[in-house]
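In structure tokens below, several structures.
Same chain, two partners: subunit A is paired with subunit B first, then with subunit C.
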Partner chain A sequence: MAQDLTSAAPGYRHRRRQPVLPDAVLGMAFFIVAEAMLFFGFVSGHVIVEANAMGGWPPPGQPRLPVASTAVNTLFLLASGAILFYAGRRFRESADAARRPFVLSVALGALFVLLQGYEWQGLIREGLTLSSSSYGSFFYMIVGTHALHAVGAIGWLFVLLFRLQKGWLTEESFQAGRMLWYFVVLIWPMLYWQVYL
Partner chain B sequence: MSADHADHAHHHHEPTFIEKYIFPTDHKFIATQYLVTGLLMALIGGFFAYAFRVQLAWPGTDIPVFGHMSPAEYNAAITNHGSIMIFWVAMPVLIAAFGNFLIPLMVGADDMAFPRLNRLSYQVFLVSAIMIIVSLFVPGGGFGGAWTAYPPLSAEATYNLTPYGSSLWLAAVAVEFVAFLIGGINFIVTAMNARAPGMKWDYVPMVVWMICIASILFMASVGPLVAGAVMLFFDQTLNTGFYDPSRGGDPILWQHLFWFFGHPEVYVVLLPATGMVAEVITVFSRKKLFGYQLILFTAIGTGVLSFFVWAHHQFIAGIDPRMANLFTITTVLISIPIAEMLFLYIATLYKGSIEYTTPMLWALGFIFCFLIGGVTGIPLGASGSDIYLHDSYFVIAHFHYTFFPIAFIGSFTGITYWFPKWFGRMMNETIGKIHFWITFIAFNGIFLPLFVLGLAGQHRRIYNYEHFPDLSTPDLQMLRVMATTSLLILLAAQVLFIFNFFWSMWFGEKASANPWKANTLEWTVPSPPPHGNFSEFPTVYRGPYEYSAPGRDTDFWPQHEPS
Partner chain C sequence: MAVLLLWSAPVWACPVCGGAGPNQQAFVDTMVFMSLSPLIMLGAIVGFVVYKVRTMPEELPVSVPVPVSDRVPEGEPQV
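Our next item is the complex of A and B:
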């Protein structure tokens, strides 16, 4: 092979830099832009189909969504985000100070996902499925995509919690993880407004 | 940031065999992987072009190597030709290969910001490439609903008759987007956070800017298409009705979501190519890039505007005519910044001491061909004339005059220019120039006749024109034969490139660190650059295009030299 990568340059040292935003935070910011556009795509499709629907929306004969109980559930998610914000503040003092709010925040996030799953069970029993109507299709696709993001983000927060426990957690990766969770939390009221109301 | 991580400056260890070839994180090696994979995929895309062009020129013949082509195979061939050339050739070569190779070297960094994510990006891309190849061999054959995959044809297996091919095609495209999302984040973070001290925003080489702008465009536009692809996938596999009007869905919705991505995508692949052309024309005309900041702001403006032109692909899809007026205006507007950019390149050439090396020929060929592509876009962007030209071969000729310069002329510009740095040896100039002239002339020989055919009313996606008496006249058939003959010459000429590429890799003349006497930082390290790139990290003192500066002995002034 003509390409020679076997030898490191003489005197090679890993380079340290002091950028304005750490790499992980900046990378997460761009990732969130792409994710926001994904939800924008779903919601715009939903808006168009809803506007063109013959015979009203939701379509006749389809179950109604649990608007009130989901509103309560939304509060759990928002609380989870606020508590994680608080945990981030405390983390600057010490890792120990951040532990309890961090655990509480992840628990509330998990509670949100579980309650959503419980509501899905009820809706499926009432006959709202992915293929029962475009109403059901959009509901399960949009809310399901959000749920997948929530589950993924909670999994990532668990990894960070484990690192916190071991004392490996850096401010940089905690900040990036918090940003992902804020995204999951803050996009939800938008989706709730579009899908449920 | 915890103290032990931040202060852990360590000597880099030698990569083992596994780390180097199986799971490499070195940006140069990942760039080589992307380049080789992209060029291999180009062979597949080229083979499809060969097969369906022979079918069009001599309908019903036994195509050598391919055999007899059925209508379904014809559809699969055109669909996968388009998909592969855009998603598996232009994107990996122009953005991923050159982005990986150039960004760390040009900004003075040892590697990308996230080396392991970079490796993941290539692995995901490789999976997607395997998926698209597999999709050609599943029962029912490859997907044949065109690279735009309009429903209901793409959504209903009873219509497209490719139950597995269409889903696999869609999944492959979606997986490929994940790869470029990861890669794009890496490029931007590296260019923002890992620049050498002193490298201000207007000291950054143009190609780095262009790849970063392209990555941002990609990230901002890909979300809606992934959303649309999920819906289409559900329609195909889970019996939903997102695009089925009989069940309350809307087939035009897919077109909006697809083209909201599809049009910025044109600029995603265009901008890196123009960036490489900018590097090459400054070096070989020994002149400063004319209007650096203007080119940069033009590119950013083009990027923003590209999000507001998508519906010009849908003028005859039944959209509101008032909307067509708006999109005509934005579409014709976007030709202004691109024309301006190309004229600034021509202004760079003006009164330069031009040296006709192979990369320079490719760069000039790019400007020539892309101008034709741009000019022929205007009648398509204006809704009044588009009604007549839509879905004709005029459209095909137009976008090949934009995409071929981007994907191939642009790539050849980059490959011939950076080959000495990449592989440490010079390419053969004589073979390179013969390859350029045959490719350039043959390319025009393919697509100039298609403009005429399109204006004569030849519709796209027709398997055999013998069934259309108005279109099977001898003079039109002669133009088809001319285009196909040119294609055969063009494909044959690529043997020269492949030979030159591999022969030069092992037997070419050894390249010095800076064979072209260029200014940018990648030419300060040995050819090929060692693992970790810089033995001493550079500091930047000036912009990248200080050629023929008055009062200096040499006609170039490297960025890292203290004044």
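Our next item is the complex of A and C:
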């Protein structure tokens, strides 16, 4: 029989304890740890294979990655994260104050994904595919997984934006959504450094 | 994700673990990195929760004794 933990014992006035962390935030923190390990595993595999490459890295005959244009794209992503941080600060004042920076942040994130897709088109045309070499495999696996996370996070941010418009957005769910986007933003420089440089 | 995994070209990382030279160093480095990363991240979360519990205000206990004068006799509705 389940014990009713919400009722107070006789002689005691019941008060619900304030949660140490909101459930959504704690759950997101553990999810991010798991996702970070996924990326760390990819990066570790990349480091080992790169060290094992006899003919140099990138392998001869493989197209070079667009380092400069992706660096600019990285700035868009970092700006998106910074603006979302600002939106979070403004949200504590009022929902209206957060709307504009929130929209701008999502737009910059979407721009990052679109530019990544454009970059992929060029690389595929030059012959870099998932099965062309281990170089291509690692590139699409690592960058593609990050892009999947970015798309998923942007989708969730759209949901949060809709809830903001309707006045349903709570600080807890906004905080959890921001955490996911910060993860997408902050892990990217490490991936860029490992894969592109 | 499954499509990506199945489509990718296979690479063999296992031989480097027993070999000498820079490959083995890469293996050792990543092994240490992969071993410590989850411990550090989970430790940071647990540490943060412990810190928050310790710094929580004391006026929010699970339940507090009610003075005898405020107690409601059994059978009467609680306000």
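Here is the rule we use: the second predicted complex is superposed on the first by the 180 of 197 C-alpha atoms of A that agree within 3 Å, B and C clash if a C-alpha of one lies under 4 Å from a C-alpha of the other, contacts with A are read in each partner's own complex, and residues count from 1 in each chain.
FYI, contacts are C-beta pairs under 8 Å (C-beta built on N, C-alpha and C of every residue); 3 or more make two chains touch, one makes a residue touch a chain.
All values derive from a computational prediction rather than experimental measurement.
Asks: Where does A:Glu171 make contact in the superposed view: on subunit B (first), on subunit C (second), on both, or on neither?
Replies: first
Asks: Which holds for A:Pro59: it touches subunit B only (first), subunit C only (second), both, or neither?
Replies: In the superposition, A:Pro59 touches subunit B alone.
Asks: Given the touch rule stated above, what does A:Val47 touch, subunit B (first), subunit C (second), both, or neither?
Replies: second
Asks: With the two structures laid over each other on chain A, which partner does A:Gly27 touch: subunit B (first), subunit C (second), both, or neither?
Replies: First partner only.
Asks: Tell me which of subunit B and subunit C touches more residues of subunit A.
Replies: Comparing touch counts on subunit A for subunit B and subunit C gives B.
Asks: Which partner does A:Leu148 contact after superposing on A: first (subunit B), second (subunit C), both, neither?
Replies: second
Asks: Touch check for A:Met37: first (subunit B), second (subunit C), both, or neither?
Replies: both
Asks: Residues on subunit A in contact with subunit B in one complex and with subunit C in the other?
Replies: In subunit A, residues 8-15, 17, 21, 26, 30, 33, 36-37, 40-41, 44-45, 48-49, 52, 130-131, 133-134, 137, 141, 145 are touched by subunit B and also by subunit C.
Asks: Of all residues in subunit C, which touch subunit A in the complex?
Replies: 1, 4-5, 7-9, 11, 13, 15-16, 22-23, 25-27, 29-30, 33-34, 37-38, 41-42, 45, 48-49, 52-53, 56, 60-66, 70-71, 74
Asks: Per the contact definition, I'd like the list of subunit A residues that touch subunit C in the complex.
Replies: Spelled out, the residues of subunit A in touch with subunit C are 8-15, 17-18, 20-21, 26, 29-30, 33, 36-37, 40-41, 44-45, 47-52, 130-134, 136-137, 140-141, 144-145, 148.
Asks: Which positions of subunit B touch subunit A when the two form their complex?
Replies: 1-2, 5-15, 20, 26, 28-29, 32, 109-110, 113-114, 117, 181, 184-186, 188-189, 192-194, 216, 219-228, 230-231, 234, 238-242, 247-250, 253, 256-257, 260, 422-425, 505-506, 525, 528-537
Asks: In the complex, go through subunit A and note every residue touching subunit B.
Replies: 2-17, 19, 21-23, 26-27, 30-31, 33-42, 44-45, 48-49, 52-54, 59, 130-131, 133-135, 137-138, 141, 145, 168, 170-172
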